[in-house]
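Two complexes follow with subunit A in common, the first pairing it with subunit B and the second with subunit C.
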Partner chain A sequence: MAAIRADNHRLRLAVRYLVLILIAAIFIFPLMFMVMSSFKPSDQLLSDTSSLRAFLPVGDLSLHNYMGAFERAPVGLFVVNSIFVTSTTVLLSLLVCSLAGFSFVFLQWRGRDVMLSIVLATLIVPFETIAIPLLLEVSKLPWLGLSGLEWGWLDSYRVQIIPWIADGLTIFLFVQYFKGLPEELIEAARVEGASWLQIYLRVVLPLSGPVIATAAILKFLVMYNQYLWPLIVVQQEQYRPVMVGLQYFFQLSPAWGEIMAYLTLITVPVLAFYLALQRAFIASIATTGVKG
Partner chain B sequence: MSMLLAICNLGRILTREGREMAEIKLRGLRKSYGGHEVIRGVDIDIADGEFCVFVGPSGCGKSTLLRMVAGLEDITDGTLEIGGQRVNEAQPRDRGVAMVFQNYAIFPHMSVRENMAFGLTIAHASKAEKAAKVQRAAEILQMEHLLDRRPSQLSGGQRQRVAIGRAITRNPGVFLFDEPLSNLDAALRMDMRMEIGKLHKQLGTTMIYVTHDQVEAMTLADKIIVLRDGQVMQAGAPMELYQNPVNRFVAGFLGAPSMNFLDVEIVAADNETAKVARPSMDPIVVPTRGRRFVPGARAVLGLRPQHISACAPDQGVLHGQVTLTERLGSETVVDLVMQDGKNVIAAFGEDKEFERGQRVDLIFAPEQAHLFEEES
Partner chain C sequence: MKLFNVTAGAVIAATGLYNAAFATTTLSIWYHGAGNKVESKIINQIIDDFNASQSDWKVALESFPQNSYNDSVTAAALAGKLPDILDMDGPIMPNWAWSGYLQPLPIPEDHFKNFLPGTKGIYDGKLYSIGLWDAAVVLYARKSTLKELGLRTPTLDKPWTKDEFDHALQAAKSSAKFDYAIDLGMSDKSEWYTYAFLPFLQSFGGGLVDRKTYDTAEGALNGDAAIAWGNWWQSLFKDKLAPGTSQDPADHENGFIDGKYAFSWNGNWNAVKTMAKVDDVEFLPAPDFGQGPTIGAASWQFGISASSQHPDGAADFIKFATQDKYLAEFSNAIGLIPATASAAQMTDNYKDGGALSVFFNLSKAQAKKRPVTPGYVVESKVFQKAAADIADGAGVTDTLDASVDQIDADIKRNDGYKKN
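Presenting the complex of A and B:
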């Protein structure tokens, strides 16, 4: 009897692992295809797609595609541009949106609930609908730089950063998380003499690790994958981010090997960032109920 | 013994460290949420160094009143004075108060030491001052060995000590306790209750303590404020309230088991006494304690279970049958049903055994009975 029960248990475990392995494979195979293809010549790459060889390091493997990618486009510049724009936006967004969330949750001010409703309503507006009005707006805005007052933000880093700092989703994440913090902690800090800024810095932020990680990863992905906005506001190569750089590989006939090499190169920062914050990200999904 | 003396000395030193006089005056205090009034004109005087307990059932406004004193709730109307200063609009940090919350409210990302020093850190106290004050508070609460632990490594009682320690380090004029023992188990609650009582003796600081537990109120307070529906029902020393409750609510709230209330008719009355009767009770003369009654009127007779005793058959004033007996060792609580179906609880100060359905005759000392107007 006990032996039958143990066999059943093993069978259930085996089925469970099989399902998990299948799901993992669905996510891993495209990545494997990309990385393996980046080492193969274009003709072999295309012929391999009809078999499992597409996912295996077999055939004529070399770094030619990588060298070709670097020759065809300033990959380093694009990666640096994207990392600069993305990390700056993420940092500023965490600061601004967490402060906004703090204000919505802990401070009492007239019109607070209406304002929060408006902020949340922006979640349902697709970016494409506001892209052109925003373009017209930023093309006329003033900027006080090192060379004095300028008009228009086009062809710059700031046009890729500033419009993306505050967004409804990030504010919503912080609002939801802050609402879950025990109110007594805030009240205890107030009675102990802390100002609102001190409460934000010393009590709320140190307890917000999970939501900061979630917001940072989501924002990082949005910013790193930016395509439409930089395409319309940046003309000069020196400010271009990685996704716009992909155009360089489709100009005559698509060089699939080089495209795969380029994609592999630009995926590395995203994977590194995700792996660094993975633990906090998973903890956050568990505690905030936010789906990534 | 020497340890106790040392603790007392420490307490005296602490109280002399620049703590300001902190008598508290509440005058016509009101609080409304929208159109709903939860505090309805409260007047209370709390002397410097007094231990004042706000007690009442859930929703009576006791916690709201405490939070108004702390500055965590706005005051809709009336005046709040602490140490002679009107503080209606003052921020919590400017009121010289420290608060201990029901859920401890200690910061989970800080060590015990950092938690206790939080107020001093905010006030930019020097490292030496912080270390000295935290050490002293830890000695008073006997928790020096816990200073480097995280709150997650502490038991409920230890966490509440940390919260109290955080309050002590700032040497505030007023300590506010919001049901601090509600989350602790019964044994720990009794220990902590005694600790808080000792702490008050040591520090001599004004303390306001909110609880719904009348035992905490009776054992800790210099003054009890009984609240109901946002109004003060009665204020005074614990035994004064116990012995001379002004109305049926206060009488029923203080004392365990609760006072028995029997509907009676006034047979005769003069300035000091009234003769009362009910179908299942022999007529008896009881003191009116300044209340006026007229013959023929309805009234309510209040009898504390501890003031009722069993007597020989047919000599009692009340006659009942036992429905339930609770033997607690040093006390026996008996629930009896009288001939007219009314239940009466008696608490005998010794272990007694009763059979279910056993007929018992009861007497009580008339001078210990309370007579209330019917609508009180």
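Presenting the complex of A and C:
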């Protein structure tokens, strides 16, 4: 009897792992295809798509596509631009949105609920609908830089960063998380004479690791994948990010091997960032799950 | 004191005149070739040569990826940030001129009298843009295939008729040697659809829009000729003569070379690559479906933005860039048709007896511009959808009627695209 039970257990385990492996394969195969194809000549890459060879390191493998990608486009410049714009925006966004969330949850001020509703309402407005008005606005804004006062933000890093610092989703994440923090902690800090800024810095932020990680990852992905906005506000190559750079590879005859090499190169920062924050991200999801 | 003032004034004035006489003005130019190593090299060479040839103007290049170029230009126009010189795809020129992005070239049209018609961007009677090359579409075939299937080799003077073309496709299918008789490039769902397939419709006697008034598509896109085209077009896919809209891009890329297709309706920009891999490739002119054979015309061209403060400098650059030696250099590098016969003689492929000389004559004989109207940008999109839908099995008459409604509504919405 015990032997039958053990067999059933093993069978269930095997089926469970089989299903999990299949699901994992669905997600990992595109990545494998991208990486493997980046080492193959375009002709072979295209002919391999009709078989499992597409996912295997077989055939004529070389680094030619990578060299071709660097010759075709300033890949390093695009990656540095994207990382600079993304990391700056993420940091500023975490600061501004967490302060906004703190204010919405812990401070009492007139019109707070209405303002929060307005912020949340922005979640349903697609960016494409405001892209042109925003373009017209930023093209006329003043900026005091090292060379004095200038008009218009086009062709700069700031035009890619500042409009994206505050957003409804990130504020919403912080509001939801802060609402779950024990009120007793805040009250105790107030009784001890802590200022609101001290409470934010010393009580709330240290407890907010998971939501900071979640917000950072989501914001990172949004910023790193920016395409439409930089396309219309950046005209000089020196400010272009990776996704606009991808278009360099789509000529009349797309250089598929170089495209895969470029995609592999620009995926590395995303994977590295995700792996660095993976634990906190999963903890955040798990926490949300328990609450739900 | 008075003498000092006069002397000082004279010195300042002289310095100003000196500076004015030797000042170099920077002209900005936008080009669609970012990521295209060959084109980038040549355009940079032209600019370097121009900058070195005189001291009045210094041209500064900014390159953009081709796929997103039009969006960048439109956004810049909205923000008032257009450069002095910009290049544009031929059929979009009327829209940009109508939208106020461009000014007519301050160069007499006579200066370009030897240029192929497809390279001249003329709208509202004015020359707005000029191209260094044109492109052409032909029917790729193998001499051996034509022989095996017992087919006559069509010529410019005597192209295949509709019956001959249909017979060729059926013969290829019956031979059972190919996956499909012809590759039409259905996987390339872009301007290719209009550029490559509108000529078929025109040869049937139809059109995208009434070219006399440009204020309706009624009759042109849904008349008897257009319906005949639609039925024929649909039969190509229903009868499995050509792969449909789900064609694998890899097959479009290499299918003809690999022998999967007997024929390929393809652009001359793929000719050099194909010649290197298919020894007996033959480039055949477009068939005549009744109203004369036509192919698309007009490729990338240079123009001057309406906001440019230096149209004279921009014109100097355009005249410099359109010299025969540069037309030939571009043609040798990217395989497209040089804009003049004299430049063609300077090329490897287009000189008399050259492997691609057929394209030059083809462009002269069969090229027909896509409708020269600001509404083309919408009309083209509507046609692309209609061609795809019909290929996928949609009702021909209903699809074309719906397309006419969309085009007419757009024309009406824009008040007939009246000239400003």
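Following the convention adopted for this analysis, the second predicted complex is superposed on the first by the 287 of 292 C-alpha atoms of A that agree within 3 Å, B and C clash if a C-alpha of one lies under 4 Å from a C-alpha of the other, contacts with A are read in each partner's own complex, and residues count from 1 in each chain.
In the analysis below, a residue touches a chain if its C-beta (ideal position, glycine included) is under 8 Å from a C-beta of that chain, and two chains touch if they have at least 3 such contacts.
Note that the structure is a prediction, hence the values are computed from the model and not measured.
S.K.: What is the contact status of A:Arg72 with respect to subunit B (first) and subunit C (second): first, second, both, or neither?
M.R.: In the superposition, A:Arg72 touches subunit C alone.
S.K.: May I ask you to decide whether A:Leu136 touches subunit B, subunit C, both, or neither, giving the answer as first, second, both or neither?
M.R.: Second partner only, subunit C.
S.K.: When the two structures are overlaid on chain A, which partner does A:Leu31 contact: first (subunit B), second (subunit C), both, or neither?
M.R.: Neither: A:Leu31 stays clear of subunit B and subunit C.
S.K.: Could you look at A:Leu207 and tell me whether it touches subunit B, subunit C, both or neither (first, second, both, neither)?
M.R.: first
S.K.: Between subunit B and subunit C, whom does A:Arg190 touch in the aligned arrangement: first, second, both, or neither?
M.R.: first
S.K.: One more residue to check, A:Leu231. First (subunit B), second (subunit C), both or neither?
M.R.: second
S.K.: So which one touches more of the residues on subunit A, subunit B or subunit C?
M.R.: C
S.K.: Please report the subunit A residues shared by its interface with subunit B and its interface with subunit C.
M.R.: none
S.K.: Name, in rising order, each residue of subunit A that touches subunit B in their complex.
M.R.: Touch residues, subunit A against subunit B: 182, 184-185, 187-195, 198, 202-203, 206-207.
S.K.: Touching subunit A in the complex: which residues of subunit B?
M.R.: Those in contact with subunit A are residues 70-72, 91-93, 97-99, 101-109, 118-119, 122-123, 163, 166, 170, 176.
S.K.: Which residues, counting only subunit C, touch subunit A once they are in their complex?
M.R.: Going through subunit C, the ones touching subunit A are 30, 34-37, 62-68, 71-72, 75-76, 78-81, 248-250, 253-254, 267, 269-270, 273.
S.K.: Please output the residues of subunit A touching subunit C within their complex, sorted ascending.
M.R.: 43, 46-47, 49, 71-73, 132, 135-136, 139, 152, 154, 231-233, 235-237, 244-245, 247-254
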